[in-house]
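Next come the structures, one after another.
Heads up, the next two complexes both have chain A, just with different partners, chain B and then chain C.
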Partner chain A sequence: MNPYDKLFPPKRITLSNGKTVEEKRSRTPLVLLILLIASIVSVRITGFNFSTIINRGNQFFVIFRKMAPPDTSYLPKIWQPLFDTIKMSLLGSFIGSLLAIPFAVIASSNIVRNRFVIAVVRLFLSIVRTLPTLVTALIATYIFGLGTLAGTTAITVFTFSYVGKILYEEIETADMGPYEAMEAMGFGKVNAFRYAVAPQILPSYLSNCLFCFEGNVRYAAILGYVGAGGLGLILNEKIGWREYDKVGMILIMLFFTVLIIESLSHYLRSKLT
Partner chain B sequence: MTVQEQFERRPRAWLYQMLIILIVMAALVWSSSAIQINETESDGATVALRIINGIFHPDAKLLFDLSRQGVLYLLLETICIAFLGTVVGAILSIPLSFLSATNIVPRPIALIGRFLIMAIRTVPVFVYGLMLIMVTGPGPFAGLLTMSLCSIGMLSKMFIETIEDLDKRILESLAAAGCTTFQKIRYGILPQLFPSFASTIIYRFDMNLRDATVLGLVGAGGIGAPLIFAMSSYRWNEVGAILTGLVILVLIVEFFSNRIRNKLARGL
Partner chain C sequence: MIVFDHVSKVYQNGCKGLDDVSLSIEQGEFVGIIGLSGAGKSTLIRSINRMHEITAGELTVDGIDVHSLKGKALRQFRRRIGMIFQSFNLVTRTTVIKNVLTSFVPDLPFWRMLFGIFPKEAKITALEALEKVGILDKAYTRVDQLSGGQQQRVALARTLAQNPSIILADEPVAALDPVTAKQVMDDFKKINEDMNITVLINIHHVELALQYASRIIGIKAGRIMFDGPVEAVTDSVLDEIYGGKLQEEEA
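Up next is the complex of A and B:
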């Protein structure tokens, strides 16, 4: 019996036919209490203060107002870093999602029967996934030098872990009937996987890769902050020099790029499913 | 008809497939210029070895330090930032997503709402961080507000999907049973929305915890700033200590959040 039910015994209701049923007490008060305590502790530690927001909230828009009107003459200098950002995320997403395939296959419990191997590969994938992308990017700049290669590496690592995790979950939910039938007919494991499991998971795999690419474009814009190339580099520079009209122009270009890529990927993903 | 005949009649899409492969190849060739080896002072491999060596020998003193500079306190601060940031973000996104759901408001208004959400999502984290530091000064408070603004994009996107999937027939049957508007909302709408909303919020909390390092870039509190300081001054043992703490924390939180979300998905 659950300790919570012992503390607050379930309500007994006697029905008209003489039968008694039990209604468990709602967990809502407990959850609310935990949330309340967590909020109070967090407010204490972070120094959250409503009056500051109300009194000084208008300060938030100071930089915003300086961004308008955006400096359109700066546009020609944006193209190069913008394309760098797209290139970084395209290449990183592609390599990352290719690398993820073998690891995901080894990590799925319906293909590999060895529990130890599965646990090790999954732990590896989770640890890589928890590494902040910024940290990977910074380490990559120390190894490969400043520039787009570092950013590409960071995006590859992130995509690898993200797609890898989703892919092994996808493989585990695949229908194993055809796979077993093919093995029974004498196919090897690789061929059975290629003809029975791969067609089932391919559409969702491609759609996840596209989704990841979509997010990576936005993420690649941040990576420049640590010197990993792309849009973040000039964004950081212009913020440092307080040329906010140019910052505004960069943000507008980023907005339209993300808009185009997202609608394209949305269209492709709707075709896939 | 034999199997062979049916096999011969399979749809031939090779032209289409070749076209897709060509486009992907062209895109890859175009983007391969992103790989450019820049000259570094020292050999990359030795640097990598030194980094890996440092990270795998974490500074235990820093890891178990209980003072305000220790990893444990920083992690607690990070959790608090992520928690309140997610809560505030969720509170901000709920009205926004109701205003952008096509089954609640007319289409043009919904489009404006989506455009707004998209614009909020585009601005990179550190730009928000800088703007909010003008409001609150550097520290965890600014980090919290930054986190909440960054959460809006994904949260409201998922919320909108849930709202648009609402089953309206339940409302009709409740109305037929004679329920008042309040009862219809309480028993018809809330039970449909709550599990999915809660699951999305918990997932976002997970993500926020993982992304909290970004806040360190602008000095907005949490574990990011010490981590980036340690990295830029090549103190890899400290980096190892901080990363160990962060990875373990994220793995624990992820484990519990997955369990709660599984429960929510299956119904409590």
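Up next is the complex of A and C:
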């Protein structure tokens, strides 16, 4: 018997005909207790302090106020980095999503029968997924030098691991009936996949790629901090110079860009399902 | 002609699917295969197009040793054999015509295969196949909007478009109501008679089997218990195929 049930014996309910049913005690109090302990421990470890937030928190509003009015004359200098940011996320999302397909296929247990191959590919995808995008971008700047190529690479790597995982899970839930029928018709495995499985997963695949792209625009905006090009570059610079009115202008542009891209992607995704 | 010569099949877990099966089926026969669940009906039918591997004996189709086929030769061999499933196995998210057209895919040149662009003759053949099973008017409907009976007809049309000489059907009407089941069986009968296609059907409904097939094969525990014309099927034969299950389990 479960130790929890021993500690808190189940409630007995007796029916009118004398039969008894045991109802186990809820686990919710235990879960809440664990959460509370975990929160206290993490506050201790991280040195999180409410008084700091209250004392220094107004500093946030000071900076915020300095951003207004934003410096509109700075706008012409923003277009290029903004364009770079979008370019990095678009290209990175595109390449990453395409790269994810072959890997996702060989990570799917209903397509590939070899357990070892599946385990290796999944492990690879997991490892890649744990790499923070900022770190990937930093590494990429060492390889490709400063600039958008490094940023694009970082976005590609992230998209690859994210879309790859979701895609193989999607493939595994596909109905394999048509695949079987096509194998019986004389299809090879690749064609059977293309004609039986692909139509089932295509809408959700595209939807996931778009969703990932949405997030990537925001990621791409901070990659400039490590020299990987885009808005982050000038954002970092202007914060450093304490030119908060220019920072305000950059943030406004970023805000509208993200807003437009998200609503566009949202619309497209609603069309897909 | 399909010839089983002392064919056995033992699954990897040691389960006997087929046990020393010998039989031969002429071109154009309509064969109903009956037997209890787990008797080996599916195993029998699926070893013919090598969806299942046999583990002993020899199985030939028109003189071709099925077990020796590999890669492209196997795929080419399968082109001549149609297969129908209980669950239809169509791509439900697309249209009827696209499902039927898939039967041409293996014969397309690479670039057409990649993009799924079909020549006009293929479309005409596909539409004619739909006409044969009486659902031409549904050609551009999405499959998930069709009833079970209509879906099984689409599957039949897909198989016909393949121009097979043999059709293997694994419980094709098990998911259909009695009336629809009869209609689909009529389609099989028509195809069998008009086009001289050999039809092998696994079927749970004995009455349907007796009504449509001209030859009955009864299996029990992987062994052929009965093989003969439908007229020779008596109650004692059915008893032998379906009955005596208890003694079997005790043994």
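The criterion applied here is as follows: the second predicted complex is superposed on the first by the 268 of 273 C-alpha atoms of A that agree within 3 Å, B and C clash if a C-alpha of one lies under 4 Å from a C-alpha of the other, contacts with A are read in each partner's own complex, and residues count from 1 in each chain.
Please note the rule applied: contacts are C-beta pairs under 8 Å (C-beta built on N, C-alpha and C of every residue); 3 or more make two chains touch, one makes a residue touch a chain.
As the structure is a prediction and not an experimental result, all values here were calculated from the model.
Novice: Please work out whether A:F60 is in contact with chain B alone, chain C alone, both, or neither, and reply first, second, both or neither.
Specialist: first
Novice: A:L134 contacts which: chain B (first), chain C (second), both, neither?
Specialist: First partner only, chain B.
Novice: Should A:G188 be classified as contacting the first partner (chain B), the second (chain C), both, or neither?
Specialist: second
Novice: Given the touch rule stated above, what does A:P199 touch, chain B (first), chain C (second), both, or neither?
Specialist: Once the two structures are laid over each other on A, A:P199 reaches chain C alone.
Novice: Should A:G177 be classified as contacting the first partner (chain B), the second (chain C), both, or neither?
Specialist: Touch status of A:G177: second partner only.
Novice: State whether chain B or chain C is in contact with more residues of chain A in the superposed arrangement.
Specialist: Result: the larger residue contact count on chain A belongs to B.
Novice: Which holds for A:I78: it touches chain B only (first), chain C only (second), both, or neither?
Specialist: Neither partner.
Novice: Which partner does A:A228 reach: the first (chain B), the second (chain C), both, or neither?
Specialist: neither
Novice: Show me the residue ranges of chain A that touch chain B in the complex, using the header's touch definition.
Specialist: Its residues touching chain B are 27, 38-39, 41-43, 45-49, 52-53, 56-57, 59-60, 62-64, 84, 86-88, 90-91, 94, 126-127, 130-132, 134-135, 138-139, 142-149, 151-152, 218, 221-222, 225-226, 229, 232, 235-236, 239, 247, 251, 254-255, 258-259, 262.
Novice: Which positions of chain A touch chain C when the two form their complex?
Specialist: Going through chain A, the ones touching chain C are 175, 177-178, 180-188, 191, 194-196, 199-200.
Novice: Given the complex with chain A, which residues does chain C contribute to the contact?
Specialist: Listed in rising order, the residues of chain C that touch chain A are 49, 51, 75-79, 81-83, 85, 87-94, 102-103, 105-106, 113-114, 116, 155, 158, 162.
Novice: Can you check the complex and tell me which residues of chain B touch chain A?
Specialist: Interface residues on chain B, with respect to chain A: 24, 27-28, 30-40, 44, 47-48, 51, 76-77, 79-81, 83-84, 87, 118-119, 121-127, 130-132, 134-136, 139-141, 143-145, 210-211, 213-214, 217, 221, 224, 227-228, 231-232, 239, 243, 246-247, 250-251, 254, 268.
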